[in-house]
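First the structure, in the form of structure tokens, and then the observations on it.
Lettered A, B, C and D in written order, each chain numbered from 1.
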Amino acid sequence: MAEHRQGHPVTDYPTALGASSRDRITLLGKDLAQDVMGEVGFGELAFWLATQRRPTPGQTRVFEAVLAALADHGFTPTAIVTRLTYLSAPDSVQGALAAGLLGGGSRFLGVTEDCGRFLHDVLAGRQLPTDDDGWDAIAFEVLTARRAAGEFVPGLGHHVHKDGDPRTPRLFAIAAEEGLVGPHLSLFAAIGRVHPGVLGRTLPLNGAGVCGAALADLGLPLELLRGFALLARTAGLIGQLAEELRDPVGNEIFLSVDLNNRSVPPRPYEQGGPHG
Amino acid sequence: MAEHRQGHPVTDYPTALGASSRDRITLLGKDLAQDVMGEVGFGELAFWLATQRRPTPGQTRVFEAVLAALADHGFTPTAIVTRLTYLSAPDSVQGALAAGLLGGGSRFLGVTEDCGRFLHDVLAGRQLPTDDDGWDAIAFEVLTARRAAGEFVPGLGHHVHKDGDPRTPRLFAIAAEEGLVGPHLSLFAAIGRVHPGVLGRTLPLNGAGVCGAALADLGLPLELLRGFALLARTAGLIGQLAEELRDPVGNEIFLSVDLNNRSVPPRPYEQGGPHG
Amino acid sequence: MAEHRQGHPVTDYPTALGASSRDRITLLGKDLAQDVMGEVGFGELAFWLATQRRPTPGQTRVFEAVLAALADHGFTPTAIVTRLTYLSAPDSVQGALAAGLLGGGSRFLGVTEDCGRFLHDVLAGRQLPTDDDGWDAIAFEVLTARRAAGEFVPGLGHHVHKDGDPRTPRLFAIAAEEGLVGPHLSLFAAIGRVHPGVLGRTLPLNGAGVCGAALADLGLPLELLRGFALLARTAGLIGQLAEELRDPVGNEIFLSVDLNNRSVPPRPYEQGGPHG
Amino acid sequence: MAEHRQGHPVTDYPTALGASSRDRITLLGKDLAQDVMGEVGFGELAFWLATQRRPTPGQTRVFEAVLAALADHGFTPTAIVTRLTYLSAPDSVQGALAAGLLGGGSRFLGVTEDCGRFLHDVLAGRQLPTDDDGWDAIAFEVLTARRAAGEFVPGLGHHVHKDGDPRTPRLFAIAAEEGLVGPHLSLFAAIGRVHPGVLGRTLPLNGAGVCGAALADLGLPLELLRGFALLARTAGLIGQLAEELRDPVGNEIFLSVDLNNRSVPPRPYEQGGPHG
């Protein structure tokens, strides 16, 4: 560190990500041109960038299955937002994509992160079971506690796929094929088995939730589970833009709202509270 | 179409992307769980979403090589922006990623799109050559014209890799291995051969530029070439966030600016022009 | 400047905007607490920040009239986007506002900037007229040239207010009351008088366009005319969010699109061009 | 409501904000051109849009004092982000502003919202005191409880203005001049008086915190307190962009990071937890 004359020390900034010199570019300590380009798939690279360790082929397959599960769900708010923003500012593809991603918050893309974190929190500090009975016991304890507290269980239930989310058994199967069913998936499966007896009704295990469990079992940073959902969605939003370019519906969506507006008188806002 | 009572016709919105019913999810006409998850890599899926046609393995390899080339370039403005935004609003991963992507405009991520479009515009309406001499003739004509007009050539030159961008020969080689050197790459190679004689100096073919040529040869929508650079960069920015979580530098970057600020008096702005 | 050990000189960063020490905060060289808070209105402050000169009361009035004209236009794409993003990510007000602003590009909020720049470019290097006949002569010349080139005239025409945009005469009147009709407004008025004779039909002077002319006459930076439209719109989008909080329509908008989707088969994309 | 043929009812969308017909534009039930433009200041309009009630001149003055207090704080992360995004994508002013606003989250712009909500929550359901002793009693109770719980008190303390934030007494004075010291400001003042005895040290009342108290006393929606900070900051960020256009420092900031990077080996990430 050097001392700057205004008194603030000047530091350097360490990174293991991209770096370049006049004749070489490295990424994650590898030669980008020779060792990464043409050798590393995009899902594999995204995993590697997030963890600084290269995934096995099995890890990559599970990871890419999750990304496929989350890439596009049709006319979600994020997709509509990207199409409308492109309609309004066609000069800025980056703005249209960024606007869509901004909808990736707690409600629509949040299940993946919420479920992964929830399972991780339950597991923290516990001795891990070695058989299904052990997992079921943890699930029973947790479900009972949440029911008593009136809290819902992240990843349980789906507003459309009421009889079962088709992504869920498929992701369990892929993880099993690759030998990657870890504690988060195990606990989530147990929740699926045990919850009818505790809650008195049968709910599906949400596909976005199982994605969170799988990502957590892959050892990915929990703080960024939402980030992987956003990565998947970026590919989906590019698909939405590509379709909008050829078969535009954005203006029709806009008009369906604008032309059906109904002007009403202002209604003065009153803050709630003791002095309202 | 139904008629709405306020007179605006109500339409439906066609899409070939994601759709779901109570027990099935489809994507691009395929069963998402059975035919996409576990079967389709993420780069392959992104290509498919953007073009609605499934790429060949060779096309996927070239496409993923491009994504690798563009994923992360270290402490670019986009990376710094994502880290600073996360520092300032750690509750919103989507905001940090979106902020970083918003720097993906004309200057830092624009070469890919500019180069792809430039090559495409040159080729429009031309009979395509069948040998290098033919490509060199087009390159000579175009370079001469741009030189006469005082215009620079997109994709020619690099501020760091002055003796050659290592990504460029590698991407040409990968495309050749896959039999995917099309007219855009051919013209770009010819520009590399011919320009010293026209411009009087030798410049490297920019790696981001050759990516644009390769994407155009893959038949991807030209309007979205920047979008693919942004997809690649999303993976890179997640890597930046993951590193920031463990080895934070954002606050140090902020302080290095804030603590070195120098307060100067206001300088009233005068608009230029006849009445300035 | 100090020298850093890695060879990059360390600089300081001059600014006339906010600065603070342990016991004092300054803004634009003024004491924030004593001289700005309670003394300077928000429109006045925004003008001051953008130009580093304090506007006169008349300049502030014209500026605020422009901001009022642009603040909210009902269910525009930007408003719909903000509501949908808030629906999807209610934890991030900043994300909902940012997403809405990203629609402030060339099409929906661009007329203000385009018109101001257009008028400024026409005026560049000209001797300014002293009477209406002189302005009409310039307008005639410009309109004739654009008609010959098949180019439209920024700020001329409105898709709803076909008989006249009510904002236009009002803003001219306010500027006249304040003695602030400068060359941009004068030229725009002349375009209003002259164009029927040149174009063969009568079009309204667009209210967003006259805002651009007024902002240019106020001496504001032309590169940022869009920025003032965005500032106005930020207030409007907060209004949209406030209304959404009490009378939500975002979910209904989402459902009106999602439930009316029509699944169609993929249609493989073919790039146009010589090799398509 | 009409019935759509796919079964989804078509609704209309009520709004009291902007609406227009062929010859008239209304905003909040007023004629925009005649009753708003030239008549309503920008701060006043922003208040009106957010609450659908027109503020008194005193309310407007307090509101605009808050906006002035929050508009610009120099080289904050948000300002740096806006400058770097503009450097990287100068074609998109909206992107540069949106990127800056995305930093307006829990940490840097969150104090205003956090403090306003905290005070409001404390007051909920209480009988409001009529004298300082009564306020002090509430403050004592709350401070004691938070100290016991090891929780910090929103709005108490400032990392720079350790002897007092100059904005705080000024905003109290303005509110007093306008007769607008309500329960939130009263409680915040009591916290200032009482906390040394409870916490054992004297901390300043944060200027951003007092802004939150003042906004809450103005009856503005608590969910949007952060939104008003963002509105203020939009004006500040336009100022930052205007200065960057004339005296650019963005590239220097970028280089100060990029050229001081230090390449380090990858460090494989290990997720914490029982199976780590």
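Keep this in mind: a residue touches a chain if its C-beta (ideal position, glycine included) is under 8 Å from a C-beta of that chain, and two chains touch if they have at least 3 such contacts.
This is a predicted model, so every value here is computed, not measured.
Colleague: Please pick, from A-B, C-D or B-D, the pair whose interface repeats that of A-C, with more than half of the contact pairs identical by residue number.
Modeller: Looking at which residue pairs coincide with A-C, the repeat is B-D.
Colleague: Relative to chain B, which chain has the most distant C-alpha mean position?
Modeller: The most remote chain is D.
Colleague: Can you work out the whole-Å distance between the CA centroids of chain A and chain B?
Modeller: 23
Colleague: With chain centres taken as the means of their Cα atoms, state the distance from chain A to chain D in Å.
Modeller: So the centre of chain A lies 29 Å away from the centre of chain D.
Colleague: Indicate the residues of chain C shared as contacts by at least two other chains.
Modeller: Residues 4, 6, 10-16, 19, 50-52, 74-75, 89, 91-92, 94-95, 98-99, 102-105, 109, 221, 242, 253, 256-257, 260-261, 267, 269.
Colleague: Under the definition above, what is the set of chain B residues touching chain D in their complex?
Modeller: My answer: residues 2-6, 10, 12, 74-78, 80-81, 84-85, 87-92, 95-96, 98-99, 102-109, 242, 246, 250, 253-254, 256-258, 261, 267, 269.
Colleague: Across the complex, what residues on chain C touch chain B?
Modeller: Contacts found on chain C: 10-16, 19, 26, 28-29, 50-53, 89, 91-92, 94-95, 98, 102, 120, 123-128, 182-183, 216, 219-222, 257, 260-271, 273-275.
Colleague: Okay, in this complex, where on chain C does chain D touch?
Modeller: Its residues touching chain D are 4, 6-8, 10-11, 13-25, 27, 31-34, 36-38, 40-43, 45-46, 49-52, 61, 63-65, 67-69, 71-75, 79, 92-95, 97-99, 101-105, 109, 160-164, 166-167, 169-171, 173-174, 177, 207, 221, 223-224, 226-228, 230-232, 234-236, 238-243, 245, 247, 249, 252-253, 255-256, 259-260.
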